[in-house]
Amino acid sequence: MSANIAPGLWNWLAYWLSEEVLVAVVGLVIVIALITVNSIGLIYAELKVAAHVQRRPGPMEVGWHGWLQPVMDAVKLLGKELVTASAVNKPLFIVAPAIVILPLLVTFIVIPFGKTLIIRDLNMGLLLIFSFSALNVVGILVGGWASNNKYSLLGALRSVSQCVAYEIPILITVMSVIIMTHSLKMSEIIAAQDRVWFIVVQPLAAILYFVASTAETNRLPFDIPEAEGELVAGFHSEYSGMRFALFFLAEYTNMFIVAAVFTTLFLGGWRGPVLPGPIWFLIKVYALIFFVLVARWTFPRLRFDQLMTLAWKVMIPLAMVNLIVTALVMKLVQ
Amino acid sequence: MISSSALNELSKALGAAEVHATDYNRTGSHLDVTVAGDGLRAAAQTLQGRGFFLEDLTAVDHRTHREVVYRFNLYQGPCRVTIRAKADEADAVDTISDLYPLANWMERECHEFLGVTFTGHPDPRRLLLPEDSDFHPLRKDFVVPQEALAPEYHQD
Amino acid sequence: MSSEEKLVRSVEPVVRLAVLEDILSLPRASSLMVLTFGLACCAIEMMAAGVNKFDWGRFGVIPRSTPRQADLMIVAGTISRKMAPTIVTLWEQMAAPKWVLAMGNCAISGGPFADKEQYAIVNGADEIVPVDVYVPGCPPRPEGLIQGILALQDKITGGQRNNLLRRFDRLGGQKRDFVERIKRIE
Amino acid sequence: MSITDTSNVNIRSIETDRKISRGLSEQSFWLNLGPQHPATHGVLRILVRMDGERVVEAEPVIGYIHRGHERMGETRGYAQFFPNNSRMDYLGALTYNHGYCEAVEKLAGIEVPRRAVFIRTITSEFNRLSSHLLWLGAYLMDLGAFTPFIYIWEERELINDLLNHVTGSRLTYSYNRFGGVHKDIDDQFITGARAFIKRMRKRFKMYNRLVTGNVIFQARAKGVGAIPKQRAQAYGLTGPCLRACGVEYDIRKKEPYAVYSEVDFDIPTGQNGDAFDRYMVRFLEMEQSLRIIEQCLNRLPNGPYINDQAPRDLAPDPGEVFFAFESPRGQVNIFIKSDGTRIPYRMHWKNPSYTNLSILAELMRGQFIADVISIMGSFDLIIPEIDK
C-alpha cells in the first residue's frame, strides 16, 4: 500500500519543488516588491512633477528633497482607521480593493523585462495581459456599488462605460501589430522589431494606443471616474486607510503595465545599445509615464459625453482604417 | 441721463396717487411712487412693459407697520423708480414673483427677515435661516434670545 | 503591597506601545491630508498657503476632498448655525486618528461676528468639535496657517524632545523646531 | 367624504406629476452637491435630481454662512460696519469698502478730496483684477486643470503685496474712511503698480495661449449654460454674467462714481451668454482694469488724501440713500435709512451673486452634471455675499 503511494508523493513533491514553480514563487515576491516600489516612486514623481510644473518646490521636509514623503504617506495610511459605514454592502466593500489589485499582478507573468527576464513567455502573452487588466474595472464597479454612495456609484458607472469604450480601440490597434508579427508571444513581438521599431511603421496605431490606454488608466484629461470637482473622489469616496491606498497602488501599477505594453509593442521592448536590456526597458517605460504625468497637470478634464464621442466616433473608426490598411499592405508585400 | 419729459410721461403712466420726482444726486432715485392695494401689481406691470428690471426689493420696519420698497431700473440708462407699498394690518403685500422671477427669492428673504407676507407667493419657505426658524431678525421688536442660542450640537 | 501600588500595577499596560507610537506618529505628522473645507474668507488664505509662494506641500500637506481620506480638518471661517450639524457630520466621517485646526477668529470664538445681537452663528469651532490648534487672525496670513500646521506636527509627534525618531533630527544638523522652520519660509 | 367628492384632491398636482414623470425613467435620484463639495467654493448646497448623468431639476439651498450682516449694520455705528462689508465679499473687499463709503458720504454730505477719489479707484481696480484672477484659476480647477490656479496666484500675490503695502492687509481690507482713505499711497506703490501693469500685459498672452486656445477648455465652455438675453433681464442679472449676454450694462459707465466718468475704458460684451463668453468678458475686463489704473496713476493729483473735517462718529440727518456700485461680480445696491442717530435705522444690501444664483436652477435643467459644475464655476459666486 505504502509502496504505491510513495512514488506518487515523491513526484508530487518534485513537481512543486521544480525550477518552474520556484521561478513562479520568486517571481511573485519580486512582482509584489516591484509594484510597491514602483508606486512609491511614481507617487514621489507625481508630487514633484506637479510641483515643478506649478513652479513650487513640492515635498521638501522629509528626507533629502522629501524623498521619504510617499513612504510616510504609505505608513500613515497603514495606521489609519478602516471606516466601514453602516450602510455599505460589507462583503463587497471589503473585497473590492483586492479585486482591483489582484488581476494586475497576474499580468506581470508575461511582461518581458529583458531577453530572458520574463516569468513565463506564454504563447498567448498579449491576450493574457488584456484579459486580466480589463478585470480591474470589475473591482471599481463593485467598490462603487458597495459604497452605497451616489458619488461612488456615478464614478463607478462612468469608469465602466469608459473602459468598455476604450478597450475596443486598444484591441483593434493591437491587432494591426499582431498582423505584422503573426504572434501574441511577447518575445516574438520584440524579435519582429529588431530592425525598426513599430512606432515608425505604425505611428497612428501608437498614438491611438497611447491615448486610449491613458483613458483606461483614468488619468487626466480622462479622469472622469474620480473627477474631483464633480464627484468628490469618485468610486473611492468612501474608502479610507489602506483600502484607499490599494486603489492608488492599482492606479500606478496599471500605469506601469500600460507603459510596459506600449514599450513592447511599439518601442522595441528591452532592445537598445550599450546598456543591458532591463534598464532600457525601464527607461522607456518611465519616460512614457513621465509624459502622462506632465499631461495630467496641463489639461482640463473632458466631459463624459465628449469622452465617449472621442472613443466611438473618432478612435474606433481610425483604428479600423489602420487595421484594414495594415492588412492590405501585408497582403501585397507577401 | 433720462430727460425730464420722459420722467413726466412715465409718472403719468404709473398713475398712482403719490408720484413725485426726487433728487437723484441725493437719494439715488429719480421717481418715488407710493402705491396702495392693487396699485403695486399695476405699477409693476407698467414698468415690466417698458423694459424695466427689478433692481432691489426690501422692506423697512416702521415699528407700527412694514413698508416694502421696490427699485426698478432700465438697462439703457439710469432711470430708477422707487415704489413703496405699505403692508396691511396682516403684514401682507401682493407678490410680483410671477412678473419678475428674481422677486421670488427676494420676497422669500423679505418675509424671512421682516415677517412681511407676500400673498400668492408660490414657495414661502425660509431661505437663509434654518428651515425651522420662527423669528424675523430684522424686526425692530426682535430680541435675541440669549439662552436659546446656547450651543445645541454638543456630543455626549 | 499597598492598595495604591496594587492600583498602579493594575493599570499598567501589558505591552508598552510607546516606541511604536513614536514611530507611527512621525508619518502621521509628516503626511497630513487636509479636508478642503473653506467656509468664508479664511478659505482664500488657506488656498494661498497651498500655492507657489508658500506651498504647504513642502510639509507633506495634501488636500483631499472626501472626509474619509482626510486626517486634518481646517475649519476656515465662520460657522453658522445652519452649517454646524454638517461640520459635526464631516468630523464624524473622518477616519481616526484625526485632528481639527481652527483657522481665524471666527472659528476660534466667533470673531467679529460674536455680538450680543448675533443670532446666526456658533461662537467658535470648539463648541461643536474638539480643536487641536488655534490660528488667530482675520484672516491669518498663510505663514500663520503653516505655523499652525507645524505646531500640530509638533503636537502629534510630541515635539523633538519626546519623540524617538525626531531626536535624530538634531543630529542631522537641520533644526526641526517649527519656529526655526517658519523662519526659513521667509 | 364620498368618492365623487374631489374637492380635497389636488388634481392639478397629480397631472403635473404625470407630465414630469413622462419621459423620465424611474431611476432618477437626488444628489446633494454641498454644502461641503469641492466645486461649490464655499458652502453652497445644490440639490439636484438626476436621471443618470443628466440633471432633471436643481434647487440651490443657501444660508449656510448667514451671519446677519444687516442686523449688525442696524445695531452699530456707521464706521463700525467697515469690517463687515469687506467680509461680505472677501474677494472684492476694496470695491465694497469704496461703495459703502460713497453711499454714506452721499447720505451725510461729506466732501472727498480728489486725490482720495483717485486712490480709491486705483485700489478698487486692483481688487477687481485680483478677484477676476482668482476666478480664472478656480473655474479652471473646476474643469480639472490645476496648474492655472497656481499660476494666477503669482499675480495675486504681487497685487496682495502692493495692496498690503498701502492698506496693511492681504484680503479683508478696511482701507477707505468717510472723507478719504486711511493712508496715502507713496512712490514705492506707484513704481510697483507700473511694473505690475507691464508684467501683467505679458502674462495675459501666456494665459491666452494656456487657456483660451485650449481645445478641451473650449469644448467644456462653449455653448454651456447659455442664457438668453430676455431671461437674463427678467432675472435682473448684472455684472459679467449679463454683459456676456450682450447687454452693455456697467454701473461704472451708466452711473459713474469716483473718477470712472473721466477715465477712458470699454465695457467688453459677449453674444451668446455661455460660459465661454463669461470667461472672455472677465478676461477682457482685466485688461480694462489695467487701463483704468494706468490712467489714474498718470493723472494722480496732489493734495490731501482725507477730509480732516469729516466727522469720525457720524450721525447723518434723517433721510435715505440708495447707491449702486460695480463690484467684480456685478451691481451691488446699498440702501441706508437714517433716523438722525449714530446708528443706521435700516441698512440693506443686494449683492450680485444673489441675483446671479437665482437663475441657476433654471439654467441647470437638462444639463450634464459636468456642465453644472462648469456653469457654477463660470458664475463666480461668492457665498458669504449671497448669504449675507
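The chains carry the letters A, B, C and D, assigned in the order they are written, with residues numbered from 1 in each.
The rule is short, and it goes like this: a contact is a pair of C-beta atoms (placed from the backbone, for glycine too) under 8 Å apart; a residue touches a chain by one contact, two chains touch by 3 or more.
In this text the structure is predicted, and so the values were computed from the model without any measurement.
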Partner chains shared by chain A and chain D (touch criterion as defined above)
C
Between B-C and B-D, which chain pair shares more contacting C-beta pairs?
B-D
If you average the Cα atoms per chain, which one ends up farthest from chain B?
A
Centroid from C-alpha atoms only, then distance chain B to chain C, rounded to Å. What do you get?
46
Counting only Cα atoms for the centres, state how far chain B is from chain D in Å.
22
Whole-Å distance, chain A centre to chain C centre, using C-alpha means?
36
Whole-Å gap between the CA centroids of chain C and chain D
32
Chain A residues touching 2+ other chains are 54-56, 228, 232
Any chance you could list the residues of chain D touching two or more other chains?
37-38, 63, 66, 68, 71, 150, 154, 387
Spell out, as numbers or ranges, the residues of chain C touching 2 or more other chains.
51-52, 65, 82, 117-120
What pairs of chains are touching here?
A-C, A-D, B-C, B-D, C-D
Listed in rising order, chain B residues that touch chain D in their complex are 25-29, 51, 53-58, 60-61, 69, 71, 75, 77-78, 80, 82, 100-102, 104-106, 113, 126-130, 137-138
Which residues of chain C touch chain D in the complex?
35-41, 43-45, 47-48, 51-53, 65, 77-78, 80, 82-83, 86, 90, 112-113, 115, 117-121, 138-139, 141
Under the stated contact criterion, what part of chain D meets chain B in this complex?
62-63, 66, 68, 70-71, 74, 106, 233-236, 247, 249, 254-255, 319-324, 331, 333, 335, 337, 345-346, 348, 350, 354-355, 358-359, 362, 387-388
Which residues of chain D touch chain C in the complex?
35-38, 41-43, 63-68, 71-72, 75, 83-84, 87, 90-91, 134, 149-150, 153-154, 156-157, 170-172, 383-384, 387
Using the touch definition up top, name the residues of chain C that touch chain B in the complex.
81-82, 84-85, 88, 116-120, 122-123, 127-128
